[in-house]
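These are the structures in question, set out in turn.
Consider the two complexes below, in which chain A is the common component and chain B and chain C are the respective partners.
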Partner chain A sequence: MVDSIFLALSVLTIGSAIVALEIRSLIYGSIGLMLTLSGIAGFFLLLDAPFVAMFQLSVYVGSIAVLILFTVMLVRRELIFNKIEDSRRRYAGIGLMIIMMLGIGTIIIGSGLKSMETDTASVDYKKIGEDFLTYYSPALIVMALILASAVIGALALARREDVTSDQRAD
Partner chain B sequence: MTNALIDFVLVSVALLAIGIYGLSVKRNAIRMLFAVEMIVNSANLNLVAFARFIPNSQGQTLALFSIAIAAAEVAVGLALVIVAYRMYNNIDIADFRSLKG
Partner chain C sequence: MSTIAPEFRLSRFIASLVDIIFWILLIFTIVGLPIVFIMLFYIKLPVINGQLLTPYLALTWLADPSRTIPIIKSFIHSTFFRVAVFPGFGFAALLAAATIFVERKFLAKMQLRVGPLYCGKIEGILQLMGDGLKLMSKEIIIPAKADKPIFWIGPLLFVGTAGAFVSLIPVAPGWVVANPNVGLLAVFATIGFFPIIVVLSAWAANSKWTFIGGLRALHQMISFEIPLILSLLSIVILSGTLNLSQIVESQKHYWWIVFTPISAIVFFITIIAELERIPFDLPEAESEIVAGWLTEFSGMMYGLIQLGTYLKLYAFAGLFTVLFLGGWNGPMVWPPFPTDIITNGITIGPITAKFPGLPLFDQEMLNGTLWFVIKTVGVILVILLPRGVFPRIRIDMLLHTGWYKWIGLAFVNIFIALGLLYAGVLGPGGLIQ
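For the complex of A and B:
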């Protein structure tokens, strides 16, 4: 049986996901996305994974959502409220969503996952830190390189080429 | 632990379906990024839920890697949106017709 915290979190997550996609203003949409990501962090707390929950809060809610908010503010005002949609395509999309929910949902409910419950203790998060520094340390280094190259690539992409600096020495 | 594994998996499926709906219907580039974020988050929720119920710690480790990679992906995606906005003066993806620089 689910408890009330789980129900409230799932209503918050799914509802704000729908709001983020359907509300007219992109600024409110990004705030809705922020609420969705916070709801997922709450699920992580329910699953006894406090380290992942804090990571989610600091990376997603703290940086990604704020980055999206700033990008939205760089865009022209009438584009923020602009909402062009093909209505036939929209109905097809809603149909696809309902078919996916029902199809995958019935498959999952029919599978053996239903009987899977646990009463063992949760994993200590010290184990995650040890894993990161021993077994996963090459992957950690590769991930750091990927992050650095992605940030450098993003900076190089967003650079303006038509503006030249006057203070150049040569 | 009163919640079963299947509850978390069902929430994850709902979030995945909403993300696919947004990705297929919306024409605004930033809204498509929202949808991609929802799909990535549903995958993360699945990883952590299965890691709790098996139980081992590798699912959480993989979720941490996935969150970091998603951060890099959003940075590059938003830079692409800004470049396209500067080039076409619009963020409607139906206008992004040529790949010429």
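For the complex of A and C:
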């Protein structure tokens, strides 16, 4: 049962990733990306981590994929994409991917990680919170600083001084 | 009298129904019964417990409550019943349908109109059924240059996502379709799917009205999702769990709205915006952009979207009840099941019928459902109320309040909740338990 679900999820994830890369229509490409990210959420559910799976769904599918859709719909694609049709690049990419997959595959098979345990209890999110506030607190602080600086940077970039707010009357 | 069908008389309608029933009975007696007997003559009937299973015996067994009640009871506790009937789709769709009718009458009374009146004779109670039949019989028109796969699947996905949202709402103790430990996060993940479906179906229709409406919906839903999530964090801090059933159980003595009124206000306004209702109905503004992102949907596709919208309304009102108003908690007002029916059965004249296996539902579940429905219907009425009162606001004012004011206000109650927690008033091991 678990193996068949794993296989179905793998086919879904990899297939929609290929669709996201290869299809001509940008909208269908972003739908493929959404399916890929949902498939990864399914992997997290399979690994007994519903907390991470729900965050994967609400952050990646609910926010990032929506932002990509937004961008695709609002920007005319001739302005941002130059068509580069080069079959040699594609073959080089496929070759590079096969080499990487073989390398990672040999490492994983060599590590002895061959089977999935299905009867373990799901990870408690309270334990994750405790670990974050005790052992991993430096990582939490660094993450918070990075996010805060990103938000401040985004605000500084988005700020426009030439526009006066006389249109808004609230 | 109605001007559409001036010759209509209810007595003639009933007379025609009686006529049809008479002819069906006559034809069945003359033609149907001989066929049944001929079939019974040739079919070899099974023997069960040494008795020949004649149709009369089979019907007697079916009518015997001591044999049928256990079957019904085991069906009630099956997963299919939960998904399709009681806390799941059937219950929610019933409440949603009632909401549509109540909304029309309620708004009409607020504006000194009469609302639906003719259909069904008594205050137009059959209007909804008539609307449903009309929508089912209408032609589904697809625009010529529409993107057909996405356009077809949009309404189905909308209803499916609303159904997934409904399945997470606990109605009575133990009566919930899906009860994951991360229930509130599952709610956030489900809400995140709505803007995608809206903007994709708006794009697929290939019309400027739907596209403008879809972009407006996207702006609005994304900007109001953040205060929605932030306003619920104070509940998580106070109750210490993400499981919705446990959040309800933590409100046994007092409702969380007592300690988090600001969160409740922010959450209420964000759910009005997420539901695209007046004053935040910019995505469907009918006087500006025809019907917004719903413009090109016709027939049952529009009906499905409408069903999904009202399922979503019920689910949000139920979520408000669960998180702030104590869910199914309330004084025990439901009368207990009479014990002499269980022990002695019902005696009618010479016959005594015994009903082993009764009652079908226990008292706590019925009482909890009663309180949940009362509170949810109250919240739904308060959600319907602004539609008759407020005008629509402008998109820049909406985004400005969403990004600046509601997010700021949503943080206030988080700090109040943290203060109450660290002062030792609330939470695990607090003064008030």
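By our rule, the second predicted complex is superposed on the first by the 123 of 170 C-alpha atoms of A that agree within 3 Å, B and C clash if a C-alpha of one lies under 4 Å from a C-alpha of the other, contacts with A are read in each partner's own complex, and residues count from 1 in each chain.
FYI, a residue touches a chain if its C-beta (ideal position, glycine included) is under 8 Å from a C-beta of that chain, and two chains touch if they have at least 3 such contacts.
If you're wondering where the values come from, they're calculated on a predicted model, not measured in any experiment.
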Exercise. Now for A:75: first (chain B), second (chain C), both, or neither, which partner does it touch?
Worked result: first
For this session: Please name the chain, chain B or chain C, that touches the greater number of residues in chain A.
Result: B
Exercise. Which holds for A:97: it touches chain B only (first), chain C only (second), both, or neither?
Worked result: first
Exercise. Looking at the overlay, what does A:63 touch: chain B (first), chain C (second), both, or neither?
Worked result: both
For this session: Based on the superposed arrangement, let me know which partner A:55 touches: chain B (first), chain C (second), both, or neither?
Result: both
Exercise. For chain A, what residues appear in both contact lists, the one with chain B and the one with chain C?
Worked result: 51, 55, 63, 74, 122, 124-125
For this session: Could you pull out which chain B residues touch chain A in their complex?
Result: 1-11, 13-22, 24-28, 30-31, 33-35, 37-38, 41, 44-45, 48-49, 51-53, 55-58, 60-61, 63-65, 67-76, 78-83, 85-86, 89-92, 94
Seminar exercise, completed: Listed in rising order, chain A residues that touch chain B in their complex are 1-3, 6, 10, 13-14, 17-18, 20-21, 26, 29-30, 33, 36-37, 40, 43-44, 46-49, 51-52, 55-56, 59-60, 63-64, 67-68, 71-72, 74-76, 79, 82-85, 89-90, 92-94, 96-98, 100-101, 104-105, 108-109, 113-114, 116-120, 122-125, 127-128, 131-132, 136, 139, 143, 146-147, 150-151, 153-155, 157-158, 160
Problem set entry | Residue numbers on chain A that touch chain C, as the complex places them | 27, 31, 34, 50-51, 54-55, 57-58, 61-63, 65-66, 69-70, 73-74, 122, 124-125, 167-168, 170
Exercise. For chain C, which residues are in contact with chain A within the complex?
Worked result: 147, 150, 180-182, 185-186, 188-189, 191-193, 195-196, 199-200, 203, 211, 215, 218, 222, 225, 242, 396-397, 400
